[in-house]
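This report refers to the structure that appears directly beneath it.
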Amino acid sequence: MILRGPNGVGKSTLLRVLAGLSQQSSGTLELDHEEIAYSGHLDAVKFQLTVAENLSFWAGVYGTDTTAQVIAHFGLNDLADRYAANLSAGQKRRLGLARMTLSDRKIWLMDEPTTSLDAEHTGLIAQSISDHCAAGGIAVLSTHLDLDIPSAKTLDLVQFIPAKDTNTSVFLQGSF
Amino acid sequence: MLALFTRDLKLAFRSGGGFGLALAFFLIVVMFVPFGVGSDLTLLARIAPGILWIGALLACLLSLDRIFQLDHEDGTLDVLATSPLPLSGITAAKATAHWVTTGLPLTLAAIPLGYLLNLPEPAYIWLFASLAIGTPALSFIGAFGAAVTVGIKRGGLLLSLLVLPLYIPTLIFGAVSVIKSVDGLNPLPSLILLAGLTLFSVVLMPFASALALKANLN
Amino acid sequence: MSFWEYANPVKFMGLSGRLIPVLSVLTALSLAVGILWGFFGTPDDYKQGSTVKIIFLHVPSAMIAINAWIMMMVTSLVWLIRRHHVSALAAKAAAPIGLTMTLIALGTGAIWGKPMWGTYWAWDPRLTSFMILAVFYLGYIALWNAIEDTDVAADLTSILCMVGSVFALLSRYAVNFWNQGLHQGASLSLDKEEHVDNAFYFPLLVCIAGFVLLFVILVLIRTRTEIRLRRAASLQARNT
């Protein structure tokens, strides 16, 4: 599912709430947090570790051992021993995708995964998401671009902007 | 959680900042004391237990903000929070890594520094024991302070203001045991109280730290 | 009609608005009566002369200093469990009052100490514990001011208050362990040997009542201000 909407409408917030990082102010959430892999604006990449070390760390965290396969799949073999500080934006994003795949989780939540990427990497992101969904996974992401993902549905958050005079804060009720 | 612990160790050694700085700071503080109070060896011997404990404690304080700040800044904390690791496990692993890279070296460094301050002979073993037992408490309590202030820009001074009062019981029990050994009294009761305090901190502080992290993730 | 309905800001403002005038009069009366009676209506102590009368300020302020923190603990817990904003703001409001009371206790203690023990300050367990309490208050207030999002600030300060309370208690025992003190026994204890003369007892009670009332109205007034500030902020956020 692709989230769309102007800046500030709440795409990031929605993704964070789905990931369990932020609390919603109202409503209920029925989601198994064991199924979630989250990727935010920042790359979550440690500069002082090599690509391989970054990924084997996440493999340790998620309890998987498919590091070698993932590195090969995303074409990171040549970069495996390079310190992450020396990667380009596209390469870092590939590393992030590798991490998502490594986590072996069903639901991908991605906040603006396409920013500052060239056409080739954007295509790579779209392809990875398509592969993930084809394999039975779900992806929810926000982007301003037109990604070529066949099974994608779009949700425009602009329809959820509350009208100007709705009272949402408990401090706005009554008068004193 | 072992993966997180070893990664933090690796990062601490590679960043060239956490590990050596704390030791250097400890040395400098100890050097300052004779400049400040005079080089009379008898006087130094009297105040050595307290100075060594205070120096180690302040050096520990220095590297506390690195515990969560770096991961918060590059988005790793967010991903860790959604991983299979419980938040309390994350805080415990990181606090332990902090102790290994800060508290433990400081404990070892205290012995030679004791000679600089003319610490009396019987006190060395108790200095080592009290620091070895007490520095984990400093790391785990400090991690709580770090978790509370992780979102605050340049929050180092606030971190100190919050953590130092929490350090008071640890400092008292630690220093008193060393002082008692110098005076020929029994240091063991104080050491046992210190051990109890450390046990309490190691077991319970990770949960408080996790709560604070959760609030900051919002 | 349960007590919890006053968690609603409008109800709270209504009730507090009606209470404050009444309580202010009571506060002024009890403080005036207590202090004047205590300072001018009681005989000089045979041992300590007239300086002992600082007790009429020292003991109540010390009691409030501690009870303010306890109140903050309770309201912080209410925020953490029930998410009532008024509760969190009440804790925020109480902190500077508690800090001031702690400083008054320390200051009056120093004034009392000089003629009695020959020193303004000594590292006696009770004085030291109060100094530690003052630093805890400072940290709590500083944390509120350091965080922009009020809900996050409320969460973090509440957790700090709970953790701080545990360590404040531990510090109390640690400080006792560390040093023996100069303090006399509890002023209001039932122990005949050490307690304060009867002539002092009743004016002291009135002063204590006055300080308690003072604390209550100050907290109410400050909480009302905090609520108004939040309302202003919400209005501003809504209109942009």
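Residue numbering begins at 1 within each chain, and the chains themselves are lettered A, B and C in the order written.
To be clear about the criterion, a residue touches a chain if its C-beta (ideal position, glycine included) is under 8 Å from a C-beta of that chain, and two chains touch if they have at least 3 such contacts.
Everything numeric here is computed off the predicted structure, so don't read it as measured data.
Farthest chain from subunit B (centres taken as the mean of C-alpha atoms): A. Measuring from the average of all protein CA coordinates, the nearest chain centre is that of B. Centres computed as Cα averages put subunit A at a distance of 49 Å from subunit C. Between the Cα centres of subunit B and subunit C there is a gap of 32 Å. The mean-CA centres of subunit A and subunit B are about 36 angstrom from one another, to the nearest whole unit.
Among all residues of subunit A, none touch two or more other chains. Among the residues of subunit C, none is found touching two or more other chains. For subunit B, residues touching at least two other chains, in rising order: 218. By the touch criterion stated above, subunit B contacts subunit A in their complex at residues 2-4, 7, 10-11, 14-15, 73-76, 78-85, 217-218.
Those residues of subunit B lying in contact with subunit C across their complex are 144, 148-149, 151-152, 155, 158, 161-162, 164-166, 168-169, 172-173, 176, 190, 193, 197, 205, 208, 211-212, 215-216, 218. Interface residues of subunit C facing subunit A in the complex, by the touch rule stated above, are 8-10, 13-14, 17, 85, 227-228, 230-231, 233-235, 237-238. On the side of subunit A, the complex with subunit B involves touching residues 16, 19-23, 33-34, 36-49, 53, 57, 59-63, 99, 103.
Touching subunit C in their complex are the following residues of subunit A: 164, 168-176.
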